[in-house]
Structure formats: structure tokens, C-alpha cells
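Shared between the two complexes below is subunit A, which pairs with subunit B and subunit C, respectively.
Take a look at the complex of A and B:
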């Protein structure tokens, strides 16, 4: 879709803006030249508007696609769970069973405590992130171009290339880590672990600092690892689409897509396994 | 203006290059140890392979994040 009027840089920048819904202040000059009479919730029509909306803005595409994929995941697994037979399984039932068993195996080898939440949590994290990552393999212009025909200016298809999404996931896991630390160990022991650990007791500010970083690095690294990998992958696809004539694009995007399949699955798997490991530490 | 642009290109190049060096050494050590372990105890290969991939994902993430930032700097800033 890289037309002559549009430079490669514009094209790339266009693909990196979310469909942002936020509040613009009164007297704001919009991208098409019109001026807002009063402050108003609107969809951004330019990258500048999207950044001027500030913190209180919603990325409708990220929210929408992740919600749809979540519904798809839950609906599919629910229907298959209902239809499951002990006889000859269908292909779909096999897929569901293999996924569940894969997650179960991983939990059994890395998590040795009784906990009712860990299995559904891990399955959800793995399959949901996997589905969101898989949106990366949809050719970069299909959905945004289609949306543009219906008057939607921006559309980022892969929810995990939005750092808000990955941070949302990892902050939830972080909240669970804190909760289980408090519940299993008790607040005092949890605090003691943070304050008295590497060095003797009288150095507790240093300990608290070190262990605090250790604790808060967990959600940040979880989120940024997933975001960075998917963002880089999407970026390469966008670059290929922007800089290479369309009849040559498959020579680069096909190998990258095949390599990217590894990253997609691996990152979903790593997010799941690290969440299990962190929650396992909370139970010790 | 041209100097700023040049600085951005250089920054991107350094980001990608240094990230790649680190990850290259990391994955190299990891792979050699994996093969060593597999040669010593071939029955442990499935277990080792899982761990290998987990750590490779961890090591791999850093240069890929650097790559993303570098590409962003070069093409979109």
C-alpha cells in the first residue's frame, strides 16, 4: 500500500499508531483543520492527536482484538469441553487435549504446591497470548486497509505489540504474586524475606532496595520481553512491506514469518512458565 | 539536522550490534553446554531441550528488543 505520495517513513509511522479514543481539550485544532468547540471524546485522526490525548486514552484496537481473541479461546475450549467424548476424538478435541496436557505437564514439573488457580491461569495465559501473537502472521495491511475503507484511520492488529496490553497481563500476574506471598507466608514473613535476605539484619535498607528491585523487575521484564519480541517482529514485517516492491516481498516476509512462528510460541510459553515459576516461589 | 539524523543511525547501529554480540556469546555458551549435557546423558535430552528453549527465549529477548528500538529510531523518528 506504499503509494508514491506516501514516504516509507510515513507508512511505518502510520502503522505504529493505535486506534486511540480519548478526550481532546476545547479549542483544539484537529488534523483536518476544524476546531473543537468544547472538550470531547473522539477517535484520533493523526499521530499528534493520539499523543495529545495523554494518559487517559483508550486503545480500542488493542482492547477489541484481545477481547475477541479471549472470547474465541474461551468459547472454543468450552464447546470442545462440552463435546468431549471418550471414544475416537476429533481433530479439534485433540488440539484442546494436547494443549491442556502440555500446560499440565509444565505445571507438574515446575510447581509443586496445591493451588486451584494455577492451572486455569497458566492455560489462559498461554493460549490467549499465543492467539494474540498469532495475529502477527496476518499480513500487515489486510485488516488496517479494510478498516480504512470503513473510515477507521488507524488499526494495530497485534494486541501484544501494545505495551499497555503486556503490562496489563504482567501486572495481573504481579498482583497474584503479592497476594499469594501474603496469604501463604503471611505479611511478616514476606516482609522479612524482602528485608533480611542477602545481607545481615542491620543492613536492611540495602536488602529492601535490592529485593525490591528484584520484585518489581519481574512484571516489567515479563511485559517488556513479550512486547519487545512482538514489536520487533511486527516492525520487520512493516519494514518489508514499506521498502520492497510488492512482488518481491514474499522473499523476505515468508522466511521471517517461518522464523517468527518459533518466537510467537516461545514467548507465549516463556510468559506462562515464568508466571508459574514466580507463583511457585510465592508458595515456598 | 543531518547530524541529528546521522547520530540516530549510529545509535541504532550500536544498539543492534552490541545487542547481537551479547546474545551471540550467550546463545553460543548455552548451545555448547546443551550439546555437552546431551552427549553425557542422552536420556535427559527432552528435559534439557525445554530448559534450553526457555533460556534461549530469555537471552534472545534482549537483542530483539534492541533491534525493535533501533529500527524504530532509524525508520520512524
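Take a look at the complex of A and C:
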């Protein structure tokens, strides 16, 4: 929906900025030319402002949508769980149970240790990521345009296209990996695994380096895989919306959306199953 | 790709959700699933048991039918025998009854014969006496001969 006043490039860039609330330093020249007298928490009004906020910033859209979707997911599952009967299930109960059993089957085949956390963790990962990914199928301009009518200038509706979101998930999983490694194997054995393998002991700096990369690659790859897939998918939708006349857009966006459904489910599944595998390795 | 506080916020949200899921979502759903699984298992078992029972009942029915048929056959046989017996008894009784009645009739007849004979004897005496009286009217004294006639009558 590139209007005359807006070039396609502007449109695309605009769509890639989060609704950012963060701290700008004193003497900062804002996008409208005004200069801040002292450091201040404000909503970013340009991409440059958003990046200049550095670490002290919050993506309100990412946090809001992901939280909303999480509440939606857990609320629905919670209600269904409370209503669940052992008798003949309703359609909704069936959907919930099918999802739960799908997750449970995957855990049974890849995770052979007794652990009360792993199942709810996997269920949360799978359904939550799936819902967040599904936001990608909402036509790119609907929500941002609506928000604009209410004076909100930036809005990214797909939380998983924000690397903060995917890293937030993977870092938490990573913390659990470290925790279980320490708890199940003990710190000494965990260190030995990192330091005395694959080369002999006297080469332990090399080992440590290699295994360290191996270890830290896990959360990074988890996060970037999900982020990259969804970001790219969203980017294609934005490109279609930016470069093609509106009456022709459906010829590309529809096939891409259909194909994207596959990616949405697949990426949610991959994130879940890899988390299970990594946590399983931590238990061995 | 700005990395910022959002990351920590997301982690918190994630931990909160996992905790909620673990505490309030997973157990009831799993519980109902397990319960249903057990229900289905016991249902299947019950169905199998019922089938076994049915088979048993069928066998029982067959057995009962056979024995009932045998009983019926025996009963019919007994009834037949009984009927024959009853007929025989009836015949015998009828025969006896007829004999008895015959005897009664015969007795009556005999009695009548005796009576008639008696009567006849009385009448014959009178007749004979009147005949004799006519014959010997003149010469015979009624008084003397009365005795004689009496003796004669008794002899008859």
C-alpha cells in the first residue's frame, strides 16, 4: 500500500520497525528536529531513534501480541482442561487433546527421562510459537493501518519476526539445558564433557573452544532459524504489498500464504522438537 | 535487529506461560486423557467378557434345549403309557360293573322265580282242593279232609 507520498522503500522500512518504547539520552536530536533536554523514556518516532535507544528499549508490539497470544492459548487450553471429561469429547476438546497427544508422542519418541517440566514446556513452545507465526497470515496492512488511525505509527504484528522474541525463548531453553546438565550430570562431569572431548585431555583449551561453540550454537541457531524463516516470510508479504498493484497482489500473496502455512507449522514444530532433543541430551 | 529489554520481557513471559501450563493446563488434560484411555480399555475388556459370556450362554441354551427336548419326549411317552393304562383300567372297571349288574339282575330273577313258584304252589293247592271238592262233594266231609289238604299243600 505504497501511497504517492511514500516510496516503496519507505513503506518497506516502515514495516520493519517495531513499536519501540525506550530511553533516549540527553541532548538527543529527535526525528522532528527537537532536542531532548535530559534523558527520557519515549516512543521512537523513527527507525534511527529506535536503534539509538540501545538495550534500554521495549518492543511494545512484540511483547503485547506475544503476551496476548500466550494468554489466548493458555486461557483456551485451561478452560478446555477444566471442562475436559473422560467421556465423549467435544470438537474443541478434541483439538486440544490432539495437540497435547501430538506433543506427548514427540516427547515419548525423543525424550526418555522422567521430567514433569518437559511436556508443558514443549506444549507451550509449540502452540505459542504456532500462534505467533500465524499472525503472519493476517494481511500485512490490516493491523498497522488500524493502529495508525489511532496514532500508533509503528506496529509489527508477528512477534516471531522480532529476534528479541525468538532469542528470549531460546535463551530460556538454553538456561534449562545448562541447569539440567549441571543437575543431572554434575558440574564436574558437565565440564569434563566440554573440556576432554573430542581431543585428548592436554588439548582441553581446543576442546573447550569447540564444545563451547557447539553449546552456544544451540540457542543461537534455535532463535535465528525461527526468526529468519518468519522474517523472510513476512518480508515477502511486505514486498508483494509494496511493489505490486493491489488488484494483482493476490496472485502472489495467496500462493505464498498457502506455502507459508507449512513454514509456520514446521518452524513451530522444529523449535519444539529441537528443544526437546537438547534437553534430552542434557539428561544423558 | 535491535536487541533490547524485549528479550528479557519475552523470557519472563515464556517462563510465566510454561509455569501456568505446567500447573493448570497439562495435568487436567492429561488426566482426562488417561481416564478415557482406561475407560476405553476397560470397555473393550468388558465387551470381550460379554462376548465370552454370550458364547457361554449360547452353549447353555443349546444344552438346555436338548435336555428340554429329551424331557418332553419322556413326558409324552409317559403320558402315552398313562393313557393306555387309564383305558385299560376303565375297560376293566366297566367289565366288572357289568358283571356286578348282571349278577344283581340274576339274583332278582331268581328271587322272582322263587316267589312265583311259591304263589303257584298256593294257587295250585287251592285249585286242586276245589277240584277234589267238586269231585267228592257229596261224600266227603269238609272238616275231615281239611287236614289232609293242608298236608298235601305243604308237600308241594
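The rule is short, and it goes like this: the second predicted complex is superposed on the first by the 284 of 284 C-alpha atoms of A that agree within 3 Å, B and C clash if a C-alpha of one lies under 4 Å from a C-alpha of the other, contacts with A are read in each partner's own complex, and residues count from 1 in each chain.
Everything below uses one rule, namely that a contact is a pair of C-beta atoms (placed from the backbone, for glycine too) under 8 Å apart; a residue touches a chain by one contact, two chains touch by 3 or more.
Computed from a prediction, not measured in an experiment: that's the story for all the values here.
**Student:** Does the subunit A-based superposition show subunit B and subunit C clashing or fitting?
**Tutor:** In the arrangement built by aligning on subunit A, the partners subunit C and subunit B fit side by side.
**Student:** More residues of subunit A are touched by which partner: subunit B or subunit C?
**Tutor:** C
**Student:** Just to be sure I read the superposition right, which of the two partners does A:228 touch: subunit B = first, subunit C = second, or both, or neither?
**Tutor:** A:228 contacts subunit B only, not subunit C.
**Student:** Just checking: does A:12 make contact with subunit B only, subunit C only, both, or neither of them? Give me first, second, both or neither.
**Tutor:** First partner only, subunit B.
**Student:** Mind working out whether A:236 is in touch with subunit B, subunit C, both or neither, as first, second, both or neither?
**Tutor:** First partner only.
**Student:** Please work out whether A:81 is in contact with subunit B alone, subunit C alone, both, or neither, and reply first, second, both or neither.
**Tutor:** In the superposition, A:81 touches subunit C alone.
**Student:** Check whether A:179 is in contact with subunit B, with subunit C, with both or with neither, and answer first, second, both or neither.
**Tutor:** Once the two structures are laid over each other on A, A:179 reaches no partner at all.
**Student:** Examine A:266 and indicate which partner it touches, taking first as subunit B and second as subunit C; both and neither are also allowed.
**Tutor:** A:266 contacts subunit B only, not subunit C.
**Student:** Does the superposition put A:209 against subunit B (first), subunit C (second), both, or neither?
**Tutor:** Once the two structures are laid over each other on A, A:209 reaches no partner at all.
**Student:** With both complexes overlaid on chain A, what's the closest CA-to-CA approach of subunit B to subunit C, in Å?
**Tutor:** Minimum C-alpha separation, subunit B to subunit C: 11 Å.
**Student:** Report the residues of subunit B in contact with subunit A in the complex, numbered from low to high.
**Tutor:** So the residues of subunit B in touch with subunit A come to 53-54, 56-58, 60-61, 64-65, 67-68, 71-72, 75-76.
**Student:** Contact residues on subunit A for subunit B in the complex?
**Tutor:** Contact set of subunit A toward subunit B: 8-9, 12-13, 16, 224-225, 228-229, 231-232, 235-236, 239, 242, 263, 266-267, 269-270, 273.
**Student:** Under the definition above, what is the set of subunit C residues touching subunit A in their complex?
**Tutor:** Subunit C residues touching subunit A: 1-11, 13-15, 17-18, 20-22, 24-33, 35-36, 38-39.
**Student:** Touching residues of subunit A toward subunit C in the complex: what are they?
**Tutor:** The touching residues are 18, 20, 22, 50-51, 53-59, 62-63, 66-67, 70, 73-74, 77-78, 80-82, 84-87, 89, 96-97, 100-101, 104, 116-117, 119-121, 123-124, 128, 159, 162-165, 167-169, 171-172.
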